[in-house]
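Letters A, B, C and D mark the chains as written, and numbering starts fresh at 1 in each.
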Amino acid sequence: MTVVVSLAVALLLLALAVWTVIARDAFPAVAGFIAYGLLLSLVWVRLDGIDVALTEAAIGGGLTGALLLGAVGRLRGTEAAAESERCGVGLRSFAMLLALAVTAVLMLCVLALPEPAPTVAPQVVQNLGATGVGNPITGVLLAFRALDTLLEAIVLVIALIGVWSLAPEGAWGGRPGLRHFSDPDGVLAYLARLLPPIGIIVGIYLFWAGADHPGGKFQSATILAAMWMLVIMAGLADSPRTDHRGLRGGVVAGPLAFIAVGLLGLASAGAFLGYPPQWAKPMIVAIELALMPTLVLVLALLMNGTPARDGDR
Amino acid sequence: MAEFLLWMAAFVVLMVALGLLRVARGPGRAERMMAAQLLGSGAIGALLLIGAAAGEPSVVDVALTLALLSAFAGVAFVKFAVRQDRQAEDDGAGRVSAPGRPRRSALEREARKVVQ
Amino acid sequence: MSFVFDLLSIAAIAAGGLFYLAGTVGLLRFPDAYTRLHALTKADNLGLALIVLGLLFQADSLLAGLKLVLIWLLVMLSGAAVSQLVARAERRRESL
Amino acid sequence: MTIETLIALVACGLVGIGLFGLIAQPHPLRKLVAFNVMGSGVFILFGALARRGAAAGLPADPVPQALLITAIVVAFAATAMTVALLLRLIEATGSASLASVPPDGDGEAR
């Protein structure tokens, strides 16, 4: 029976993916992609990855969708020009053949997977007690594979620096994007006043729940970033100046604190990012707390994009 | 009970899929903007049903996240559409003088983005 | 007692499914954007409301129940706001 | 067939669909969307493998799942970076063409 649900979701997912790729215009394609992102979180639930489903629901359905829609709105007729560059039948059939070949090879690999499947779940369960957290995924993210998480935070900061570096002459350090305006008594402003308080509570709840249940800083930070973007999109606040010292400090504070905790581990537990016994949970919580503002800032600023105007100083 | 919940989840997904046909056919942007709405509520309903069937309380959190973020996506859709209309109107104003054009509405101010 | 609750759940959730069906039929069959919007909001509000109501009978704690109601309220709020904005955008587009 | 095998096979299809779009669509934004479809196919495939590793009372292997969370966030950052590049390209040249400038080549797309 459960197969019927999975099958329905899977077929819809494939149909949306095809639509996204072959739709004629960019807007329907992006609309299809947002639908696809929402559906992906159902797939993750079917795969028993609630933590991943949360991340996908927040990022795939929300942030990426809004980002791409914003981009489609600024294409300014480049679509028609690109149409003339549409590749010929030869290349298209080559692409089709290549895609089919890749899919076939992957499918063969899936069908030839070893039984029983290799897993490190028992090791995680065995050692989870030492970290003091109850959610094995949080344990992996911040203890067993903490180095990955540290590097990820650094990658996010670098991506943000990359986006900022594209600023045109004279706009460096200015405000990103365009100023949004809306009727202060309008529906949009109303929604942007009502939703963020709820979103902030849900975000903090997910952050708090993340230690023992599905949830955690990424999901929470995404919700908070989306709420901030909502306020900006409704014109209730302008996007921040990117040369604001507090803002820049917040962006680097998380990775720096992470590295500091890592060095502390080097001194006290003999390994970078090692945690001395009994101190594991407080140190994990400290990293999470420090990473939180960084993640919110970086995700929201990535959404905002390249600084484009000097703004009012 | 779990069996029934899963069937209902499949039913809701099917309904959303059929609704998406309208979205794909258009004809206008309004139909496509409804997509975010339809998918949001459909996915949330299906998630709640699947979560209850599996006895997994955390799935409710996923639905909660989806509810917040699909509202956000919906706003992004509307802002996009209004902005496109304004661009179209500006283009039109450049070419033809239309004396009978309606005066700028509150919504338009809502959509206006000005480079300072 | 749990049998009665199960029956209530099934009745409410099935009714919710019907509203999703009605919403989809309306979306496919209605002639213009406004009537389609009208159909869609029925699926949103009543369909989801009935599913949430049905699941409330199965909720095992107050917090779980509250979260379900919060989800419904959130969808109502965003649905109301977004459909207003969609309808206005459509009206404006028509008046161009 | 188990659910994870079914979903893994679907994921293979998604990778193929994304790859096709990446090559066949001329507009960079469409390429980006197609690339995201392809990426999500890879993620789901990895997630299905994680589900196969269910053991010790956990419904799935938590290590790949944790890596997936990292991957989704990084994919968003990369997408945001690409969108910024694209918008800057349009701003600077007025076109989104990826073809090389005429003197260097004959307008061959990527």
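The rule is short, and it goes like this: contacts are C-beta pairs under 8 Å (C-beta built on N, C-alpha and C of every residue); 3 or more make two chains touch, one makes a residue touch a chain.
Computed from a predicted structure; not experimentally measured.
Steps from chain B to chain C, minimised over paths through touching chains, total 1.
Counted by C-beta pairs in contact, the busier of A-B and A-C is A-B. In this assembly, D is the chain whose CA centroid lies farthest from the centroid of chain C.
Separating the centre of chain A from that of chain B, both taken as means of CA atoms, is a distance of 20 Å. Rounded to a whole number, the gap between the C-alpha centres of chain A and chain C is 28 angstrom. As a whole-number value, the distance joining the C-alpha centres of chain B and chain D reads 23 Å.
Averaged C-alpha coordinates put the centre of chain A at 13 Å from the centre of chain D.
Along chain D, no residue makes contact with two or more other chains.
In chain C, the positions touching at least two other chains are 70, 74, 77-78, 81, 85, 88.
Chain A has residues 2, 46, 63, 70, 72, 188, 191, 195, 198 in contact with two or more other chains. Pairwise chain contacts in this structure: A-B, A-C, A-D, B-C. By the touch criterion given at the top, residues 2-3, 6-7, 10, 13-14, 17-18, 20-22, 26, 29-30, 33, 36-37, 40, 43-44, 46-49, 51-52, 55-56, 59-60, 63-64, 67-68, 70-72, 74-76, 78-79, 81-83, 85-87, 91-92, 94-96, 98-100, 102-103, 106-107, 110-111, 113, 117-122, 124-126, 136-137, 139-141, 144-145, 148-149, 152, 155-156, 159-160, 162-163, 166, 168, 216, 218, 298-299, 302-303, 305-306 of chain A touch chain D in their complex. Contact residues of chain D toward chain A in the complex are 1, 3-21, 23-30, 32-34, 36-37, 40-41, 44-45, 47-63, 65-70, 72-74, 76-81, 83-88, 90-91, 94-97, 99, 107, 109.
Against chain A, in their complex, chain B makes its touches with residues 3, 6-7, 9-10, 13-14, 16-17, 20, 23-24, 26, 29, 32, 35-36, 39-40, 43, 46-47, 50-51, 54, 56, 58-59, 61-62, 64-66, 68-73, 75-80, 83-84, 106-107, 109-116.
Against chain B, in their complex, chain C makes its touches with residues 6, 9-10, 13-14, 16-17, 20-21, 23-24, 27-28, 33, 36-37, 40, 43-44, 47-48, 51-52, 55, 58, 64, 67-68, 70-71, 74-75, 77-79, 81-83, 85-90, 92-93, 95-96. Listing the residues of chain C that touch chain A in their complex gives 70, 74, 77-78, 81, 84-85, 88.
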